[in-house]
Structure formats: structure tokens, C-alpha cells
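The letters A, B, C, D and E name the chains in turn, as written, and every chain counts its residues from 1.
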Amino acid sequence: MTIPDFLLAAAVFVLATVALGLVRILRGPEDADRMMATQLFGTGGIAALLLLGVATEARAVLDVALTLALLAAFASVAFVRSASSSEGDDPKETNSP
Amino acid sequence: MNTPTLFGLCAVALVGVGLYGLIVNPQPLRKILAFNLIGSGVFLLFGAIARRGAAVGMGGDPVPQALLITGIVVAFSATALAVALVLRLFDEAGSVTLAPDAPAEPPDA
Amino acid sequence: MSLVLDIFTIVAVSAGAFFFLAGTVGLLRFPDTLTRLHALTKADNLGLGLVVMGLLPQAEWPFDSIKLIAIWLFALLAGATVGQLMARAARREQTTP
Amino acid sequence: MPHSLSTPDVTTPGGLLLVLAVLVPFVGVLAGMVLGGRGARRVALATLAAGLAIAIAIADTLVRSGAAVVYLLGGWTPPLGVALRADGLAVIMLLAVAVVIGGIGVYARADFGTPPGVREARAPFVFWTLLLAVWGSLNLVFVSGDLFTLYVALELLTFAGVPLVSLGGQPETLRSALRYLLYALFGSVLYLLGAVLLYGAYGTLDIGLLAARVHPEPVTWAAAALMTVGLLAKTALFPLHLWLPPAHAGAPAAASAVLSGLVIKGSWFLAVRLWLDVFVGVVTLPSAQTLAALGAAAILVGNIVALRQARLKLLIAYSTVAQIGYLFLMFPLAAGLAAAQLDDAAAVNGGLLQAISHATAKAAMFMAAGLVYTTLGHDRIADLRGVARALPMTLVAFALGGASLIGLPPSGGFLAKWLLVSAAITTAQWWWALVMLVGGLLTSAYVFIVVVRALAPAPEGWTPKASVPCYQQVAVLALALCSFLLGLAVLCPVDVAGIGRAVVPGIGSP
Amino acid sequence: MTLALAVDISLTLLVLAVAGWIIAVRDTFAAMIGFVAYGLLLALVWVRLAAPDVALTEAAIGGGLTGALLIGAAARLRGTEAAARAEYPGALTRTLAAVLAVTVAAALAIGVLALPDPTPTLAPAAAANLATTGVGNPVTAVLLAFRAMDTLLEAIVVLLALLGVWSLAPDRAWGGCPGPRRLVDPDGVLAWLARLLPPIGIVVGLYIFWIGADLPGGKFQGATILAAMWLLVIWAGLADTPPISRTWLRVLLVAGPLVFIVIGFAGSITAGAVLAYPEGHAKPLIVAIEIALMPTLVLTLALLVAGAPQRIPPQ
């Protein structure tokens, strides 16, 4: 087994594993659980992407992973922000003065 | 079965799934989401076609790939407009139902 | 030399994949949101870190290697912050059901 | 004999005008955004004048050269590049839209002024910038020769049209706008799907090249079906019309005129373009009959529902549903003529005239309704007493527009229906003529009711709620007269619509 | 290549599973979270389809901006869930919808399988003309030379969408700041992240933008990253959205398309056609257009997410 083959196999394994974690999105029960599953999925997806990219020598994949890593944080912040604002009693946020 | 064909079939399945969601989900946000799924199916089909057109050392036909970027940005704009409309409707009416509750009347000339 | 590096890649990537598996199992089996969060932040950071480490010998020095490390750092940063924020949100959900 | 576009290879003299026709309105949008407030209105009115001049110049170029005007953007030839192309059909639409939008612009001067003491107000700013945006998008739909550019054009048209619907900001108009947006997005995504399939099968998105390459096979049929359904949803052909009446009736009068008179013509025009020029050897007569059957149903349903409306604006909006039906009667007629190896000009010109006369008449009628609303403070049809005294010119305009919808000579509607009926009789499809006849009777019933109610004398001591400026009434009357006198186009010595549409061998031959 | 096929098959199954779940799940908020995961999967698919430029766009927009937009909206509409469920159609409608969806998908599948082989492609034509554009990335060449019109129109589309979003402001808030005001704890984690991440993000965004001429990347992808960073700073309360009546904002919003149009028309004098570039100057002009579009796109994309103006403008 050559290194690229091994890396591809590892990509499949990681992808399948974190996909299993998506069951947590299904089950919840809290939104935080769902977001965590997405977080794990994001990290795993980035790992799979890197493995794929290095295995097929597609260097541009690194930039895709870089973007994903940056924006994964962004989407999570959007989640946390809305999760707290949806409760409506957060004193730190005010609407129009 | 090669990669473009596989993803091409995946794309048409996505169109089907999105179409179903667009029809049965009454919530506007879910309709927007379903519309995004159909859109991604269409884009994916275009991507599969681009991949089939790989030639002269290019991994895919660059014309569809460029159009895809345009398409994705346009779809994002559409989503943003639709979401803003839903939120304003919610602010004004307190609900987001699409069903006209009363016989539609022009409130303004 | 190349063989040693290849073996290093295989070992590190395998270990990384194992941590993803562990993270998924934790996500699915642990009893409540906070413990799940606790397990998860460790697992995905370590998993991605090991994968990145394993890929370093296969990547082109220096540019791609720097990018790989940057990707891991982003994921770390995002994971840490979001973990914090989510823990707070989860705690609030628990205290004010 | 069926027509097809000639394949473009070179930029023709005057081709630059096409670029101007598309980009000048958008430059106006950009300038309006920066200048804001009153500046936006000034920019819009100046652009309206400039755009009309450009449209006339294009028409002049076309008639002089007797061939389609073509521009290769960036000098790149399709399929790699994108071509702009204006044949007779496109030029007539360009001109008609320029005239109608000019009329609407003059009318809207009074309704969409920035109030004193404010630097910029929401409704005027949005209206004037989006009016230009609608115009640029429509011009792009008419002259673009590339399916993907046309997709972008359709989206531009949607994004410009939706805020016009919700300009009032009430829950009901917001709901209509949302429904409209969802229908429109659904329509565009289907259209894009069809375009993608065509690219996969034939490797080009250029209309001219596709016309030469397509042949009847499953992929082409699928593409044609998807694109047609998508465009029908955007045009609001029965039974996909449900979004239209509340959306068009709920907008301010000038916006309704834009939406009902112009915006829906964009997607209709594209459907015509596809059926007549791209899928000419692919679509079958039964599929064209289906389109016309939907059109016939739209005529009957739209007119009957219009008759039952209590509010003037809703009546006019449902009348649009019916008039859209006429626009689709041309498809089997054109196909029938082509199949009989006859010139399809009668059907095509009939459809085109119907589009233009409806655009002018409907814009005039919506704006007339707007003036009635301003004057009376309501638009209940049962209570239109006094309109004749307060707004004589407007009532005449409404009646003239109505006459064109009914199809009384010498209106554009008359000539359109006459051409369509004669095509129906030539091709032995008399039932479409019957539908048109019944539709005309129903239309005359509601136009008559409105006019009679408006002629009733006002009660003693009644005064108008507000007075409207004279130029608004003149603008409305001018548009209505355009529609009413359009039938004189029969005197036009050249078949402008046929220019640039080269004759090719009929269906079935390679 | 069986392993590669295994990757593709597992990706396909995952994409379909997540898509089906997004449609089927009852809770809208959960569906939105699923959509973020879906965007990530799509980015992987684009890599497998050898379309790194599209993968970058999808990663930035599909997972990032669209996800943030939808999650935020779903959170605000939480209260309407019950009402929406009451409207859920009956079994008959659902069956009909399913039949329709399956029919359409099956018809399309036949079309996909019937696509000609070898596929017609414009790759050779693009390759043959790549040299005249001076750029190394064929996708960039298509976007800014061969089909520059589409890109120009797209910049206008985005702007029109923003106008549409703004038009949804209440009358009294016209000219004011988009979105609710946020006063977040300046020592909090979010503020910390919003101080740490944007400098790095700006470097990455500019890098993705800059390499776009010759490698996968470009203005849309770079602009999206920058827009996300700006939104992060706004959400952390470290900065506020600008009032939409500001002249500098308006100027920056129209600057990109306007420069594009000016350079385009200059081409009709110097190079014989609108949107053509004089020989030997293609690359600098393309880069100039991209640089001009960059601030426009950053502002427009971020403000599209920020929403309609909600606060009364400061006097």
C-alpha cells in the first residue's frame, strides 16, 4: 500500500467516523449538542480534506481547508450569538435605543 | 461508474429532495433552505459536467467552473434578500405564514 | 530516510483517525452536554493535530507546511473559543430551563 | 417557414449601442445610490431620456442595416465569449419598454418626491433606483445572446421587482413580495437547470450556436420543459398565477405599472426566444397546444375573477392574469404556420403586439387607478362617482386602455388579436379564436362597468380628497393613446419584427 | 482507483443523507445547523470534482455566510414553529410531492446518463486564449476576460440585493444602522476572538484574493473571508455597522462596478471592444478591476448578512 492510498483510506475512515457523529445532530437534545456535532464534523471534514489533498497532490486544497477552518469558527459564533439572543432576556444586547 | 457520473446522479437526487421540501414545508425559511438545496443540486450537476469536460491538462472545463462561482454568489444574494423579507414580515405581522388569511386586498393605492 | 518519514506519517495519521473515532464515540455515548463538550474539544484538536503532523513530511516545505500548521492553529483557536461560548450557553440552558 | 437566428461572428456597426442600452441604466442606479435622495430622482429622469434616445438609435441602426445588431463583448466570439444581439423582436421590445418606462417616470415624479426637510426618504430612493434597475435588466433580457447571462438578467429583474412589491411595507404586501420572490427563485433555478443540461449536451450557452446544434433527444426535451416551466412561473401563467394579483395590486400605482406592464414581459420574451429560435425543431405541436391551453384557461379564469372584484386595482391585476393568457396563444399558431411551411410572422407579430399593447395599456390603467385612489381616497368600484368630473382625462385614458385590452379597432390590442385570430383560422385552430372572442366579451363587461360607475354624477357638495397634477394625467393619457393607436402599426412599410431572423429550412430537416 | 471511488461514494451518501435530514427534521433551527455541515460536505465534493475555485467559494459562502445568515434568522423565528407545524400539509399532498420529486429526479437522471461522450468542452478554447489575458488561472480568465460581462452583472446583482434588503427598513429607520445594537462584555471570549482572529483572517483573505490571478482563489472568496471577519468584529460589539446614509459607504459600494464599467468602456477605445483589454496590459487591468471590486464586495456581502437598517439614524 502506497502512501497516497493509505491517506485516501484514512480520509474515508475519518469522514465516515465523524459522519457517525452526525447522529447527534439528529438526536440533539440541546442545540449546543447539535452545534458540537457540527464542530466535530467540521474538524473531521478539514482533516479528510487535507488527507485527500495531500494524497492527490492538489495543493489548492490547503487553501480550501484554511478558509473552512477560519469560517467554521465564524458559523459557530453566529450560532452562539443567536442561541443567547433567542432567549430574549440577555441584558447585554439591546435593540434600538 | 466514474466520479462525474456519480456526482451527477447525486445532483439530480438533491434536486428531487429540494423540490419535495419546497412543496411540503410551509415555513418560509424552510422553503428558502429547500431552494438552496435545489440550487446546490443544479450547481453540482454543472460541476459534474465541467469535470467531464476535463481536457488539455485542466482538471475541468473552466467556463462552467467560473459560472458556478457567479451562481453561488447570486444564490447567496437571493437567500439574503429572502431572509430579510421573512424577518421584516415577522416584525410586522408577528407570524411568517404565507397563506393569505383574508381575501387579499390592496392596502394602498 | 523516506521510509522513516512514511512510517511516521502512517503512525501519526492513524493516531489522528483514532482520536476522531474516540471523539465520535464520546459525542454519542457521554451522558450530558457538558461532558460531551469536554471530551469533544480534546478529541478533535488532537485528531486534527496528529493528522497535520503526519502530513507535514509529505507536504512541500516551507509554504504548505506553514499552511498546514496554520490550519491546525485556526481549528484550535476556534475550538477553544467556541467551546467556551458553548459551555456558557449550555450552562445557561441548564440553569434556566 | 420557421425562423432562426443567424450565427454571429462579428460586431456590427452600432453594436456598441446595445452595451449602452444595458449599462446606462445600471450606471444610473450606481449614480443614484451615491447622490441619494433628490439626486436619485434627477439621475433617473435624465437616464430615462438618454435611454429612450439609445433605443431609438438602435431601432434606426436595425432598420437601416436590415440585419440584426450584434456586439461581441470583449471581442471574444461565442462559445467562449458572450454576444449581445438585437433582432427585430428585441428592438421593438426595447423601444416599447423605453416609452412605457418614460411615461411611468413622468407620472411617478409626483408620487415619489423626497419630502421637504429630509435628505433622503426610503420609498423614493428605492423606487427611482430600482426603476432604472428594472429597465437595465429588461434590456439585458432582450439583447443578451447567452443563456447564463440571461439567467443573471432574470435574477436582476427579480431582485429589482420584489422590493417594488413590498414598497408599502404592510404585512400583506410583504407576504405578497415573499411569495413572489419564492416563485421567481424557483423559476430561475429551473431555468438554470435547463441551461446546464444544454451546456452538458452541446457545449455552448450561446443562443445562436445552440439553435444550430440542438436536435430532438431526451436531454433537449428535459431542458426545454424545465426552462419553460421556470419561465411560466415567473410570467405567472395559469395555474402558476396565484402570486401575481396581490403582489401587483398591493404595490404603489407606479410600481404596479412597472410590475404588471413590464416585468412579466421579460420572462415571457425569453420563453418566446427559446421556443421560436432555439427549440424550433425540438418542441412539438402538442406541447405548444398545452401552453396555449393554459393561456386559454388564464384568459377565462382571469377575466371571470376580474369581473367579481370589488377593488379597482385588483380588477386590473386579475385582468393582467387574463392578458398573459393571450401572450401564450401565439405558440401553437406560430408552430402551426411553420408546420404548414407558411410565414409565422402573423402569429409572432400578433404575440409581440399583444405584449406591447398590454404593456402600454396596463401601465396606463394602473396609473389611472392610482389617480382615482388619490382623488377619492379609495378604489371601491361600487363607489366611483365623481371620477368623471374630477379626472376626465384619466377616465378617457382608462377607457382607451380598456378598449385596447378588449381589442377594439384601431387599438394595438385589436391588431394583435386580429393577427392571432387570422393565424388561428389559417392553421385550422378555430377554437383559439373562440377563446379570444369570449375573453374580449368578458373584458368589455368589466371595463364597461368601471367606466359607467365612474361616469355617475358626484353627490352634491362632493369635493376631491386631493388634487392631482395635470402632468400625471397627461402621462397616463399619453400611454393609453400609444396603446390605442398602436393598431396603426399595420401601416408600417417594413416588417421590423422579422429583421435579423434568417429563414432556415423547416422542422425535421437537418 | 477503487479507493478514490470509495471516497466519492461515501461523500455522495453523506451529502444525500444530510440533505434528506435537512428537509425532514421538524425543528427549523436544527435544519439550519445541518445546512452548515452540508456546506462543508459540498466543499469536499467540489475538491473531488477538481474545482478548487468553486470549493473555496462554497467553503466561504455556503458554510460560512449563508449558514450564519440562516442560523440567525431561525433563532429569531423560534416562536413561529408551532404555527408552521399546524400548516404542514396532509398525506395526500406529501405523496403527490414525493411522486413529483421522484419523477423529476428520474427524468433528470436519464438526461445525465444520456450526456454525450466525449463531452463538448471549452477547456481547449480557454487554454488557447489564456496567454492573451496574462493570468494563469483559467477560471479567473473566464470571469474577467472571456465572460467579464457576467462578473460585472453579478457585482450589480449583489448590489441590487442589498438595495432590496435595505428597502425593508421601517421608514423611520431609513439611513440608520443595520441590525440591532450589540453591547457585549469587552473582556468576554467573543471579544477576545474578535480581536485575535480578524488580523489573521485579513491576511488569509488578502492572500486568497491575491493568488487568484494565477492559482485557485480570487476576489469573491477573499472578499467573503474579509466580510466574515468584519461581521465577527461587529457581533463582538467592537464596532458597529455604519449608517447606510454615509457617503463614504455609498461611494465604496458603487466604486467596484463603476471602475469595472469605466475600464470596460475604455477598452472600446484602446482595444476595440467594450470589456477588452489592450494587448500586454490585460493582467494589470484585470488586477485593477479585482482590487476595485474587493471593498465593494466585502461591504455588500457583510451588509447583506447584517440585514435591513433598524435603528434611527444619528443626527
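Note that in this section a contact is a pair of C-beta atoms (placed from the backbone, for glycine too) under 8 Å apart; a residue touches a chain by one contact, two chains touch by 3 or more.
All values reported here derive from a predicted model rather than from experimental measurement.
Comparing the centres of all chains, each the average of its CA atoms, the largest separation from subunit C belongs to D.
For the interfaces C-E and A-C, the C-beta contact count is higher for A-C. The chain with its C-alpha centre at the largest distance from the centre of subunit E is D. Distance from the subunit A centre to the subunit C centre is 11 Å, each centre being the mean of its Cα atoms. With centres taken as mean Cα positions, subunit D sits 26 Å from subunit B. Averaged C-alpha coordinates put the centre of subunit D at 31 Å from the centre of subunit E. The multi-chain contact residues of subunit B, meaning those touching 2 or more other chains, are 15, 32, 45, 49, 52-53, 63, 67, 70, 74, 77-78, 81, 85-86, 88.
The set of subunit E residues that touch two or more partner chains comprises 4, 48, 50, 53, 74, 76, 108, 111-112, 115, 119-122, 126, 146-147, 150, 154, 157, 160-161, 164, 168, 190, 193, 197, 200. Chain contacts: subunit A has residues 35, 37, 63, 66, 70, 72-73, 77, 80, 83 touching two or more partner chains.
By the definition given earlier, chain contacts exist for A-C, A-E, B-D, B-E, C-E, D-E. Residues 80, 148, 151-152, 155, 158-159, 162, 166, 168-179, 181-182, 185-186, 189, 192-193, 196-197, 199-200, 203, 245-246, 249-250, 252-253, 311, 313-314, 369-370, 372-374, 379 of subunit D are the ones touching subunit B in the complex. By the touch criterion stated above, subunit B contacts subunit D in their complex at residues 15, 22, 28, 31-32, 35, 38-39, 42, 45-46, 49, 52-53, 63-64, 67, 70-71, 74, 77-78, 81-82, 85-86, 88-89, 92-93, 98, 100, 104-109. Contact residues on subunit C toward subunit E in their complex (touch as defined above): 70, 74, 77, 81, 84-85, 88. Against subunit B, the residues of subunit E that register as touching in their complex are 4-5, 8-9, 12, 15-16, 19-20, 22-23, 28, 31-32, 35, 38, 42, 45-46, 48-51, 53-54, 57-58, 61-62, 65-66, 69-70, 73-74, 76-77, 80-81, 83-84, 87-89, 93-94, 97-98, 100-102, 104-105, 108-109, 111-113, 115, 117, 119-124, 126-127, 138-143, 146-147, 150-151, 154, 157-158, 160-162, 164-165, 168, 218, 220, 301, 304-305, 307-308.
Put simply, subunit A touches subunit C in their complex at residues 3, 6-7, 10, 13-14, 17-18, 20-21, 23-24, 30, 32-33, 35-37, 39-40, 43-44, 46-47, 50-51, 54, 59, 62-63, 65-66, 69-70, 72-73, 76-77, 80, 83-84, 87.
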